[in-house]
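The data blocks that follow each hold one structure.
Here chain A shows up in two complexes: once beside chain B, once beside chain C.
Let's turn to the complex of A and B:
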């Protein structure tokens, strides 16, 4: 299909994503709700792609949920972030990779503030020095973890055991992508495809055999809204946003949803459960829910990782319909078993010996 | 009293977020919160740029500034490059610094966020922490979350995590020296002062409302602000 206008411009735009030597920082939300995704990211990067990814044991929250919950002042958030950058500097890295979109948005915002207001950066440097004695350099390259997977999507496809294809019909799976508001809405040039034509997840889906659905509410917020979810009295807003998206995507008969954000997969997963409890309504085929995945979970499935090693048992909306469509071999009896100890070994044919 | 608009100008987000608004309303058209709540970011920005001190005080005491979800959809679309979401963040900061936030139902909720997210940052090093996300406070998390909570240590080990362990990894214990650094950052940059202001204004309000406000989250005032919705906020 011929692309015209802004879409053509954005399709040619590629943000710069470093090739190796990453300083990795974790997501608070994902460590609690999708721990298997961060484990999968590191396994793919280190064991499949043989990249240098370093995690400092003393890194912390970026304070982003507190900042957007408006209890953490901007000066405090900037200095917490500066400390993270100091750890990167001390460890000898220059390429910063956060696992979290809220963090990615906050880092981007702060680097932009410092760029436009050098006096503010100087104040942050003084505050960090006073509080911790540390000094920092601004990262040379800031890429979200999904940007990195996007960059290596072809390498992952080359090692794929499964495709995003219905093995019974041979048809590509229909996939809804949700990139999360803070990935590119604030600073479109910092995201692959910008805010209007996001391609970071769509690029993975297409490379791995699936078909992306372009539906009316594709860019709509999942409904996290920080305080709109954190406080129980406000959660009507949160579920209403997700419901608007489900109603909009339903006519396109999606097989699955792939997500970018820390909160988005959780909300799109859990609110389906709540809507079914409240209204007896489901949005997938055959009166099922629509399985929701993180991009690492999808990459892991494509590479042949065990679904329960990826943590799919921690989803409320069952993921089995997608596993069955893709023809993935799995043992249903292992789903809730806790006595399986991860071997942290992956299939030898996945290991990229060439670049070791 | 210093003019509030002049105080707002000292917030870098306000300077970034508001040039001259021409009142086109695109921000309201794209805003998820405006779809749901009695909320109109265009009106808020217009009121603020009027620089009317009395009107700004009323705004800071109202529910209006607490409806935004800070998704920043408005920033993408504003033809003037404004960011009403950033203006809202500056207003929320000022409302808390002035103690006005306790005058609205939605504003009072800031204590709940401070006593959960805010405290977890300093006590654990995480914004969100497994031990605090109880099934009772999060029924929407469903039966799977009950299973997670009942088996969290074994499950985290099975997933390859490092729950409360030393060194790197998922939900590792953040070292005490690191937590000391975080607290010092909060002290030096005004984070602790913000927390103290939220606590002080909330204690005063709890007395006015004749509700008990003890430590932590198991008290009348916390439960009230966490759960109360008077039903007048939505369209």
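Let's turn to the complex of A and C:
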């Protein structure tokens, strides 16, 4: 593997990511899957990086899950997206940051459609006005939340309490980065590093001390694929996709998987349990699973957030092997105990001086 | 005094044109950006369809173009191109002024940079090489993987950078299919126990003896031809290359591990050609090649009176076609300057 070849490609796919004043929209499914991730993002942005991140209480799904599941027509999706943009406009923000990869893909696609077909944009404006009385501006900057964490990866590294390094051996943890399909496969120029060798998560991993694994099925679907899972009859195909990836990454002995999509960590995490139940097979070292994390969880761990505040107890594949390798202090007894007094406490040394 | 013609480009087309112009009695300045002439032919070992050693063609071209009437300006590019009432005025990068009564543009092609097809991992995966890299191996008489071992299972991807909207090249490069067939045979000759797979969209065997060569590759050498485009390549922990292909004849997806993957790079309008087009105001087509005034009757004629085209600066061509095209360019120049001979 020639790393310089990848670097040449990465240098071609850089994108502008706003520095502050973000309008943040949550995913419609992530809070059920990994409920600590979005909260962790907000805490990192607001409390550690001291950035202005605004959430509007009235925002809805972007409808992307229905659009890609073939049940929501594009005109409807465009009007829903237009309403989201109207909320941003009303709140006085111009930098739009979705939590979900499919949302990011949908917003990118719709902005691109409007760019090429202004009459379609006008029609959407009319539909939104008729339905809600609202008007909107197209965001000046659209970045996925993982782009934003990528942008501040060095600042996070500077405040890191832990590294993606095996405390016992001093070796970097071997990390599989899995990028959501809708991040850059539709519009390579909109993703950090492009579609074939995305750098958005690899950049975080490298900065925080880990080593990224490139394995043959790196580009393969996680198993969600919308209709692969949403249509019940296809679910065998869904688990087969995940299995294909696990088989392919296994020889590289990964310590963990990092993801930036709502569906990917869900399926890569849950299907490991299912495959073990079906075939008695595990893919990690010492007959363990391969822990799967969202990038917010990894950033939180690096910064020293409590693993259970990050919601890692919600993972089907145990995260403890990684916690132990990184030397993270945690109380196993707190795993399933929600102690309000202990939770949501952020280490004072992480808080940006400007907040004091 | 003889009229003076400047030929831009010292590859096959430029050398052939210069030689024939000299034969016709013109004085010629041959401008070549590299220090040596010959262009791409210097990088190829043997040529299709008859496996002639490329050096023989170079020898012929040198024979015809090394002539008292041909002034060779190597390491030279043009920085200015203008036309006065009766002649062209060209300034070189060395500050030299060339006055010309006519100009032949023979700037040739660039080989498609396979790294632009990012999904194949050229420049990233150790055992993904281009057809030009393989040709160097043939020249050195040693076909090896990155670790020095001899490959036993080799894949060849056709149409890399050709017929591909994603890279902006809708045209067919014409030569890659037959090059793949030739190279597949040469691999089998060098490594008889190897297995060679060609992944193609269509086999375009439109030249003389191409179809026979294709048949020989299958019947005599056992090369496997799989109709389907490779969608992606990845690397295993042992540095083998995993390709995913849709076998469209069998109607099923196929995944295969290979020791070596060869990308059959297509042809593109050269960077220098684009620069000359901009400098002189020459018209280019949607495919970015120079656009001749008429594809049937004016294949050498440009939009500027007195400027003519020769060879692959107008479209992909093999050497036979390039030589014919160059001679036709000389005929056009002769017609244009017919009153100029002593």
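The criterion applied here is as follows: the second predicted complex is superposed on the first by the 336 of 356 C-alpha atoms of A that agree within 3 Å, B and C clash if a C-alpha of one lies under 4 Å from a C-alpha of the other, contacts with A are read in each partner's own complex, and residues count from 1 in each chain.
Please note the rule applied: a residue touches a chain if its C-beta (ideal position, glycine included) is under 8 Å from a C-beta of that chain, and two chains touch if they have at least 3 such contacts.
All of these numbers come straight from a predicted model, not from anything done at the bench.
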Practice problem: Would you check which partner chain A:197 touches, where first means chain B only, second means chain C only, and both and neither mean what they say? | Solution: second
Quiz item: When the two structures are overlaid on chain A, which partner does A:252 contact: first (chain B), second (chain C), both, or neither?
Solution: second
Exercise. Identify the partner contact of A:185: answer first if only chain B is touched, second if only chain C is, both if each is, neither if none is.
Key: first
Quiz item: Counting only touches as set out at the top, which of chain B and chain C does A:216 meet: first, second, both, neither?
Solution: second
Quiz item: If you stack the two complexes on chain A, which partner ends up touching A:106: first (chain B), second (chain C), both, or neither?
Solution: neither
Quiz item: First (chain B), second (chain C), both or neither: which does A:149 touch?
Solution: neither
Practice problem: May I ask you to decide whether A:5 touches chain B, chain C, both, or neither, giving the answer as first, second, both or neither? | Solution: second
Quiz item: Overlap of the chain B and chain C footprints on chain A, residue-wise?
Solution: 195-196, 219
Quiz prompt | In the complex with chain C, residue positions of chain A that touch it | solution = 1-2, 4-6, 8-9, 194-197, 214-219, 251-252
Practice problem: Over in the complex, which chain B residues touch chain A? Could you list them? | Solution: 11-13, 16, 32-33, 35-37, 66, 68-73, 75-76, 83, 89, 92-93, 96, 106, 109-110, 112-114, 116-118, 121, 125-130, 133, 137, 140-145, 147-148, 151, 154-161, 166-172, 174-175, 177-178, 181-182, 184-191, 194-195, 198, 225-229, 234
Quiz item: Where on chain A is chain B touching in the complex?
Solution: 26, 28-29, 31-32, 35-36, 38-39, 55-58, 60-61, 63-66, 68-76, 78-80, 83, 105, 113, 116-117, 120, 127-128, 130-132, 181-182, 185-186, 188, 195-196, 219-221, 223-228, 230-237, 239-241, 244, 270-271, 273-274, 309, 311, 313-316, 336-342, 344
Self-check item: Complex contacts: residues of chain C adjacent to chain A
Solution: 115, 118-119, 121-126, 232, 234-237, 239, 242
